[in-house]
């Protein structure tokens, strides 16, 4: 069964505030480019993050990955630092970045890739949903 | 057909930031009572609001209500003032109130009941969903 | 356990075409009142119908109703006549009526109330969803 | 604000095995009445339970209920005893009863009504979903 | 960050009527092959279209794409021509084609690929959902 | 149109009981590794299986595949043998295997790949959802 790669996805959820604001721009330009997302006093979302890892099922457990290890990583590296937080103010690893779905998904990837690797799994992709109408996906890159 | 009352529900959506914070309490007590919802720098949600009106279908239109009138009311009285806003800072009609689902749903009721009446419909109930796990419902009261 | 009334709901689905059009009106007035729903060549929806019956659980079966009887009634009286049909053209019991959610939900109620009664259940309410944003509810009436 | 009753709902989830089987009946009759649900070796579901309490928002907290108290009650009285369990074999308070949605929802009501009362809330209704097509609701009764 | 490709998806919705009917066949053969979908008087669906574009986040905006440009393209090329329309009768660019999900998804791809390119984005894939049980996906092709 | 490959997905559903248990291990180790999923008396789930086939739309039908053929295959090879069954006890083709999502998705793939091929379609991928938080995907392998 050694070639049978099965992808396993775990959903993680967090509720956060943010705004889209480029400090190098005037208020006018920020509102023009980011529209309602530039509201100075913030807005927020319920985010759904789908984390997909890949692996060959272990004959002893039938698991492609150690699920509890994955859950612990998501709690430590994603949920604890950003759930019920302000993505612009409370999250050191987003400092200096625009808090778009694109930048957030790349930052999450960079945080969890190594710990997932250390636990013996391989991160394959992330899907980050900001609303029922919009989501981002990332498969890594250099 | 005059006794046939049909209830019609329209969903409205808004994304907003807020925090739960009682100004009369210490920071410790706020965190103790409100937990993660007391984060000073705000957090946020995608809110779903379901607005239910009741009426007897008009024989000429088959409608219990004028749907476009209802949509216009929801836009003016709910979506424009709170979508992509901070419920604590940006919404005059929540001033001085804790921004719980309970207080928000009562405040929305009080805002839209009269204009819905004026357009010939009768507001029956509201359902306000803050997440997939929590929602509030309100049927009015004195 | 004789006073313990439990409500049981079964979902039924059908996909149908329709248009909203009052034959007594001009084309202009139809488009003005019904907007996009007045498109002459029809449009359509995936409808979800939730049928709620009430009853006291039978001590021998633990059921408030005979589920198979209910499913058979919904198939015969709702799904077969309107699934993959045109509500304006193919459904004798909607003839001469505007095919709004309001009129359709009342017509379905009138069709299924008696057969449900005959099978020993009591129809309590209907919920008819036309889209994720709009639905109608009906609890009967004279 | 003393008359303003707001209903608050919390979702609880559990995954359980069960079968529908009346010990007083022959195997044939069980299969005839309960169909696939009578499979001797069990089957199972992801259950969603929606617990609705009612109350007047507390002016100091803006809450109709103490949410943490409710969550603790649901964990102790519902989730711990039935999540990842066999409803027929592992749950003393379902002993001797058919494990239909109807009987389960009444049993859950009887278990949580008093502790919710003690915590200062009032249980209003339960909704128990066995699949996307079937659910039960209960509002109490003697 | 130049190699970091993030995929962004926007959902678009439209409600339309259609039927599956091959003009070269007898009525019998059409009903045999297409079943209920061959109803002469049409049926209809709520369609969900997920449009995925790919790009490297712009350092100034944090966006992989100009979201407003994408929304405008979807409105002009997809929603306006087919929402609340008959796919067989009202849509010139489906003329002469069977209105299956397969043909519709390819036709939508061919319409929006160029305008998305002109706005500086790259179309990656489409997903078209006709019901909760059936959907089509397309990644382009010559 | 010969190079235009469209992927078509059909959802299949089944409700089943199972437990995760390695017969070579002590009870302690099983509970340690599999947690609540090791409950001796089983638990269960509503499973959603999404089956994706690929093909070039047939010019005469507009279909990438013969949908009725696919539905018949899913009924015979997946739903009939495992719906309302115990995955550990009632399913010969899972005998001797841990009933994880990973092993189940590979076993389903191995069962349906050939019959789908014989009906002229090509199986592309499977997605098996055990809950709203967890799912597995498989694209084949040797």
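Miscellaneous remarks
Order as written gives the chain letters A, B, C, D, E and F; numbering starts at 1 within each chain.
Basically, a residue touches a chain if its C-beta (ideal position, glycine included) is under 8 Å from a C-beta of that chain, and two chains touch if they have at least 3 such contacts.
None of the values given here were measured: they were computed from a predicted structure.
In summary, the chains found to touch both chain B and chain E are A, C. As for how the two copies chain C and chain D face one another, under half of their interface residue numbers coincide. If you average the Cα atoms of chain A and of chain B, the two centres end up 30 Å apart. Residues of chain F in contact with at least two other chains: 132. Contact topology of the protein chains: irregular, matching none of line, ring, star or complete.
The full set of touching chain pairs reads A-B, A-E, A-F, B-C, B-D, C-D, C-E, D-F, E-F. On the side of chain D, the complex with chain C involves touching residues 20, 22, 24, 33-35, 97-103, 105-106, 132-139, 141-142. Against chain D, the residues of chain F that register as touching in their complex are 13, 15-18, 36-37, 39, 41-46, 83-86, 89-90, 131-132. Chain D contributes residues 1, 3-11, 52, 57, 60-64, 67-68 to its touches with chain B in the complex.
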